[in-house]
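Worksheet: one structure, shown below.
A, B, C and D are the chain letters, set down in written order, and residue numbers restart from 1 in every chain.
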C-alpha cells in the first residue's frame, strides 16, 4: 500500500492529471469537515460486528451519512470488513466520488450507498451484504416475511431488485450511478431490498439500526426456511399491524441492548 | 450508566416522585433480604451459559425465585445476557416492581417471570429466549415432541401461547401483568410454553434445570425438524411413558454433569 | 470431590460394607495392573476430541479395553467429556464393576461398554454419543448409508436398537448388564448401532478408529440428510464392494492423519 | 518422524535400493530449483485457510505448479492441512514422483494434481477437498449451478467424475496416474469437477483463485440446497452470460480482498 501511494504521489502531476483530462473529470468534491468521532467509532465497529456475526465475510460494506452534510457519506476503502480501522474510512459525495482516496482502491459498489442517500433523506446508514440465508429469497418467488417481532421491520415487505430488467446481462454489480438509482428505486420506502443472484441492501436511521436489521434479517431468513420446511404453506407470519406496532414501540429500543454487546466483542474489551 | 444514575439521583425528589404520584404508585416493595450467594452465582452463570450455548443472543433473560421469599424473584437489569454480572441483578416482587432499580432500565418482559412465579409454586427458575430453532414450532401446527431422552421433559406436550387471542394487535411483548397472567395460564402445569411469533419460556425447579431444558429444547427442535424432513409423518417419538420414566429417574440427574462443564466454560477457569 | 472421598473413606468399614452385604455384593474385581501410558493418554484425548468436534456435549463417553487383560476396560468417572483427565479414569470388569471407584459417581451406561467388550473380542474401544445428526436415523425407517469413502465403515449397514422391544417402557438408558447384552446383540458384527430415541454406539479396534468413525458418522448423517433433501429417493450410495475396499485398504490409514491434528488441538500445543 | 528418517537413511543403500530395482524405478526426478518464497508462503497459507474456513478437515490438499518449471508442482507431505508448514512441502514431477521425500509419507492422491497440471497448461494451483456441502451434488442428478455472482466460475457447469465407470469397484481414491488422467479428462476445461462418493477438485490460475473458488463453491452448494428446498424447481440461477461477465470483469478481482483477510487470520497477526 505504501508503495502504491508513493508511486501515485510521484505521478500525481503527470499521468493522473492526464487521466483526469482525458476523462473530463472535475475536481474531487470538497470535504464536509471532520466527522463526529462517535460516528467514526460506530462505523468501524459496524464493519467488525457484521463480520463477527457472520453477516459479511471478505465482502460487503457499511456506510454512514456524514453528520455535517446530507450530501456526503463515509465508508471504507476496498477492504475486508474485519480489517477496517478508522484510517481506512473515506468521505464520498453522492456521485460516488471520493473526497480524498489517497490512491487507495474503492469499493466498486459504493453507488449502492450514494444513490440511496440521495433518494432517501431519512436514511443515515446503509449495509450491503451477501448473507447466504437471504440469497434464496432473491432467486425464488418466495417472499421474505417476518417470523417474529425481531423482524418487525420487514412487515411492509421486502422488494427484489433484478438488475437484468434494466441493464440486461451484467457482472451483477451495482457499479455506477445509474444502477444505484435503479436499486434505490426498487428499495422505495422499505427497510431493505433483495438483489437477485447477489445479496441484500439494508437501510436505517442509525448505524446500530442497520447492523441490527442485517443480523435479524439473516436470522429471520433461516427461521422462515425452517418454518416452511416444517409447515409448508401453513405458516403464521407476523400480522402487518403487529409488525407496525413493533416499529411504533421503538423497534427493540433501536437495538441498544445488543449493540452494547456486539461492540464490546468486536472492539475487544 | 453512571451519568444516568447521577441524573436520576438528582431528580429523585421531584420528577420521579411526581411520576409516582401521577401513576398512583405505591412505595417500592421491601427486600426479602440478601439472597444465597450460591444462587446469585448460579444466576449469573445461567445468563452467560445461555449466551455461550447460543440459546440467547443480545436478548432473552433468566430469573430465580428468591431463596428467602416466595413472592420475590431476581433477574438482571436490561442488559445483554453475556454481559451480566452479580452487580446487575435486581430483586422484584410478583407485580414486576423492582425493590431498588437504582435508576437502571428494566426488561420490559419481566412480567413473564413475575406471573409464572405467582401461578406456579413449584417453579423456582424461569428462562425466556428466542432460540431460532423453536420459533417455527410456534407458527405452524406442528407440535414440538420429544425425539430422545434428553427431551423427556416435554413428554406431556408444549402449549403455544398466541398473544393475539386475548390482546389483539400488539408489539408481541409480554410487557404487563395481564399479559404475563395469560402466558402463565397457557403454560399451565407444563415445563415450557411456545410464544407465537416470539420465542419460548421454560420453567423448572432449579437454575440448572431451566438452563438444561432450554439447551435441550433447542437441540430437540433441530432434531425434530431434521427427522420430519427425513421421515415425513413417519417418525417415532418418545412414548409419553418413556418420557415420564426419564423424569422419574431424575431427568438426567438434574443436569449436574453438563452444568459443571457449562459453568466452568462460562465463568472462565 | 475431596470431601466426598474423605467421607467415604471414613465410612468404608461400616455403611459401605453394609451396602455390599445387603446387595450380596462380592469383592470389587482385581486390577489387571497399570495400563499402557500411551493408551491412557489417547483415552483422555478421545474424550476431549469428541467434545471439540461436537460429537458429544456434556454427555457421552468413550472407553478402551485394558491392554493387559481382555476382561477389563477403562473409562472416566461420571463427568462431562471435555473435563476428563487421566485422574478421572477408572478400571472396570465386564459386569460394569469398578476396580476402585474411590467413591466417585459412575456413568450409569457403562454396561454398553462392558457387554460389547464381552461379546466382541475384536473390539478394543467404544464410543457412546448423542450426536444430533444421527438421532433422526434411529426414529425413522430411513437407513444410514455411506455417502462417501470416509464412511466406508458402515457399508454393511447400521442396525437400530429399540430398547422397548425387550424391556418395554424404560428411561431409555442402558443401565444394566441385560440391557447392555441386548444392545451388543443388536450391534452384531457391525461397526455401530443406532439407539432409538437415544443416540448411537460406535466400536473399533483402536481409540483413533472409534473417534474417527464417530466424527465421520456424524458428517455422513448430515450429508445423507442433505442428499435426500436434494435428490429424494434418487441418491447413489457407496456400493458395498466400494465400502469394503475402503476397509481393505486400511480405512483412511486408521485415521492417523486427522488423529495427529485432533490430538494436538484437544490437548493444547 | 526423526526416527523414521534415520531408519530410512540407514537402509538407503540396501532395502530401498532393492525396492527400486525390483520395481524398475528410475532415479528420483531432478528439482526445478528453489521456488519463489512468496509462492511457498501462499501455499502454506492456503492449507491453513482451507482448514480455518471449514473446507477441509484432517483430509484434503492444495498444490501449486512450480514457478520455475511447468512439469513440477509442490504440495505437502501426508499431513492434516492445519499443521502444514513450509518444511512439509515437497516437489513432485507430473508422474507423482517426489524429488526428495526424505522418507516421509506422501498423499496417495497426489495424482489428482499431477495429471491436471499435465492436461491443463493454464492451471497453476489445485485444491482437492471433501466439503460436506458438495458431496450431495455428486451423488444425485441435481447439477451444481451458480446462485450468485460469487460463483460465476461455475457458469459453464460442474462435471461429475464417477471412478466406477472406468475402474469398477475401487476404494474411491485417485491413487495412480491412470485414475488421475481420467479425472483430468472429466474436468475438461472447467474450473472444478465433482467426484461421486468422494469430494471435489478445484483448479485455477493462482493459489488465491483456487482457495477462493473452493470457499465459494462450498457456500454456493449450501445456498443452492436451501433455494431448492424453498422454491423447488422454480429457482433462477445466474445466466451463463452473467457468469461469464463476472469472469470477464476479473472474478472478484482475483479474490485479493478476502485473501488478505484469510491470510492474516490463518497465519496469525
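By our rule, a contact is a pair of C-beta atoms (placed from the backbone, for glycine too) under 8 Å apart; a residue touches a chain by one contact, two chains touch by 3 or more.
What you see is a predicted model; the values in this text were computed from it and never measured.
In this structure chain A contacts its sequence twin chain D using mostly different residue numbers, the overlap staying below half.
When the CA atoms of chain B are superposed on those of chain D, the rotation angle is 180 degrees to the nearest 5.
The greatest centre-to-centre gap from chain D, using C-alpha centroids, is found for B.
Separating the CA-averaged centres of chain A and chain C is a span of 49 Å. Averaged Cα coordinates give chain B a centre that lies 35 Å from the centre of chain C.
Across the assembly, chain A contributes residues 229 that each touch 2 or more other chains.
Chain contacts in this assembly form a single closed ring in which each chain touches exactly two others.
Contact residues of chain A toward chain D in the complex are 57-59, 78-80, 82-83, 130, 132-133, 135-137, 139-142, 164, 169-173, 196-199, 225, 228-229. Here chain B touches chain C in the complex through residues 146-150, 152, 219, 222-223, 226-227, 229-231, 234-239, 241-242, 245-246, 248-249, 252, 255, 257-262, 264-265, going by the rule given at the top.
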